[in-house]
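Look for chain A in each of the two complexes below; its partner is chain B in the first and chain C in the second.
The block that comes next holds the complex of A and B.
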């Protein structure tokens, strides 16, 4: 599959975050921290990464994944995984 | 994600150092003496004054009992001495919680929740100023503590809470509602976690604050009508734009969710201590019953089936006690983060306590069903321990998902235990080494095979957690028993050896069953039925 643009990835990540946290108001920024800014706990963070890897049928070796703390990290992680 | 070590290696590396410490009730000789003296008083007071039937009938511990506990200093067990408390380590304080719970779950829950979950923030994270303002009165029992996280719409998904800490004209205010607050009705100090978007530069975030329930805007609702634990109050508390002085924030603004998890970590160890006490008392009562009750011309304890069931219950109690002691030791020696260890203690403790009490009740026959024997109350009281401070089902998911962060290399090779144990435990140790190797290989291959997709395989996660917990239990039992039976041949060590062997065998069977289930894969029949009858 051809890698989607960063904008599309951002949109997908936003959409998934809003599904997990329907109460979250306002714009989601790349600098937002998953925990402090969005209120996702470790299970939610897993759900998020699981949903994005599923959507793009990515086979990710978890050992390769560095700490994912912000929305930008998630997008970066996806971009790298698809490269 | 990677980088955190697994649950086993650090303990296996310190196998010989930890073992002897698990036999003692305190960190120092002096602490052990303090514990012994408190335990004597717990036994004296509870035997004479604590009437479980009466507590349940009135649906409250009653002011007289709370005063008696305060007078004896039991609300200050975990509070540092400089503030008038006993300053006990977790190892020591949990011993007291266990002892109280042998007599009554309601009283133990009140004291243990106060000492653990509710006071963690004030004792470990609050400013000196806040500590000196509150802790002396709390240690004296003039204020009893409660912890407020759960809300009508936020239970297991605690991050979705709506109670709001906001800033208005330079003043912090709290608005919202907290449910199922243990000790709530008589609490004199509350640790509250609230959502705090915008505060401390975080867009979302949560903050932990200390609230005095006498402040304007705090409203306590009516008592819940519960299945068990009738003694400690359980209520909803509403906060109507309560003004919160800034210095009542605990820790950093916006980091409250992490702090709440830390507090829960502490709390779960205290809960496991209570579970242990309930299970011990059930075993004791059932033993007395089967020794006296004659059927078919023999006392019940002469029947092999009864004897074996009793032995299994004793081995399970030993497992819970040992896991708890190990977790407390890791905490007290500051040798590691106990978030996952205390989860193991809580889940194993609550489930084994439930099973042991149920088995004890069964062995007592019809008498076990009669209130006056105390067994129905034990069963009712212990039931909630599988739900509160994290439903066990959800804790299993947390435990399994954490394994994704364990470095794979560490899962391929573990320090061996069999060369470290005395001869009588060699077989069990070899089995443990083999089991841990298998569990490690299995976890590593799941890591690789599923990655984040593991999230969608909840039943797989659940059995993974079972395998981890049972293997952890085996490890704990070996650490302790290896030290106790070393070069000793007393009647006590013979009993301990037999107990440890049976405990290992039972844990090994559980781990093996979990491994088989893991490798067998999805439960297709269950999925088919669920998909046919439940909304998609």
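The block that comes next holds the complex of A and C.
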């Protein structure tokens, strides 16, 4: 699969965050930390990664996403995984 | 060469505490055995004669003659399994064992069997049989690499179904969709026995197993929730399974009896997954509580935010037309004596229709076992007591006697206002106890 642009990935990540955390109404910034700023607990963060890896048909191991902490990290991870 | 497989008996809650039969107006759920024997039978080469004994249904005796006896068992069945091993060896016959208990405590099991298999059995089974035929059984067999699930045939469920009788005829049998897990949850034995890498059973194998069950009029029980995770493409794999189930014309509730899940998972799941589960005709979650942060905080310390989340998780199931059948655990280190009242209060607030109660049990092979061993808190090594219905460790915030009494009171108190359950149809009044 050709990697979508960072903007498209960013929009997809935003959309999924709002789907799994419908009570989060604020603006989502690329620097936002998943846990502290958006309020995703560890399972919500896992769910976010489940949804994006499902959408882009990526097979990843847990070790590969240990360092994903922010919205920007998710986008960067997807960009790298699909490069 | 004849192989006699044996699934050893273990005590259920109502066998450990017969008074529950009077207090609980429900039928007992007598589930099928684990898949281990059916999987081994499936990879047994042609030419071997195979027989199966479910020791819960027909107690094993040496009248069942064979060239080699093979047991698979988890910890609750270990007392009986070790007894059977001694009986067979005492008669001068060869007996081998595998499964969760021998994998977790091989040195304990080794004393009662000619050979034990550690971890997955399929990869070493043929060599073990050849060694047995040649009279050179090794004391231990252990495959170094995880078994390639692409080569796994569907389990020989027909062996189990052949052992049913009028008293014992489960309407569901387990369905395995994956093996292994990279997480390290303190009460889970999966990484110890199946490894830390999540591996997926091929979709075709799963669907053939579902069809096998359907041909016998049986449903599939999906006991694990690692299938929902993203590791190794598990989410896509699970979604494909749900899609195939949706195309299965059987009525809602007749294809899969339940999916095992936790409250944090229900709250975190993408709503489209819950909708897909419901549309696939799955109408019950086996909702395991007491191992996750939400229920530990909610029931252990009465944390209001966690209690609200627990109620929300139940409601989310109901909103998707999925029955939340809960298993409520007591005895965590975070539980003080108020845990019993808090759990009862929660069941009222969340309008939990029926439930089961369990006592925390540090099973060998889990991080909890290692921790309690290190802390010197294991007080009972009678393995048949490791069945979630007995206190085998020293609780942190109450006495063992208080914990046991609280557990029994929960059964009585919850069900005293539920006598109407006795008038429901069998499926609606059946619980595990």
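As a working rule, the second predicted complex is superposed on the first by the 80 of 83 C-alpha atoms of A that agree within 3 Å, B and C clash if a C-alpha of one lies under 4 Å from a C-alpha of the other, contacts with A are read in each partner's own complex, and residues count from 1 in each chain.
By definition in this document, a contact is a pair of C-beta atoms (placed from the backbone, for glycine too) under 8 Å apart; a residue touches a chain by one contact, two chains touch by 3 or more.
Everything quoted here is computed from the prediction, not taken from an experiment.
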Three-chain arrangement built on chain A, chain B and chain C clash or fit: clash
Touching partner for A:60 - first (chain B), second (chain C), both, neither: both
Partner touching more residues of chain A, whether chain B or chain C: B
Partner chain in contact with A:12 - chain B first, chain C second, else both or neither: neither
Which superposed partner A:23 touches (first chain B, second chain C, both, neither): first
Touching partner for A:39 - first (chain B), second (chain C), both, neither: first
Contacts of A:47 with chain B and chain C, given as first, second, both or neither: both
Which superposed partner A:68 touches (first chain B, second chain C, both, neither): first
Overlapping contact positions on chain A, where the chain C interface meets the chain B interface: 41, 43-44, 46-47, 49-50, 53-54, 59-63
Complex contact set, residues of chain C against chain A: 182-183, 197, 228-233, 235-236, 239, 264-265, 267-272, 293
Chain C contact footprint on chain A (complex, rising order): 16, 19-20, 41, 43-44, 46-47, 49-51, 53-54, 57-63
Contacting residues of chain A [partner chain B, same complex]: 21, 23-24, 26, 29, 32-33, 35-44, 46-47, 49-50, 53-54, 59-63, 65-68
Touching residues on chain B, where the partner in the complex is chain A: 1-2, 158-160, 162, 195, 202-206, 254-255, 257-258, 261, 394, 397-398, 401-402, 404-405, 407-408, 447-448, 451-456
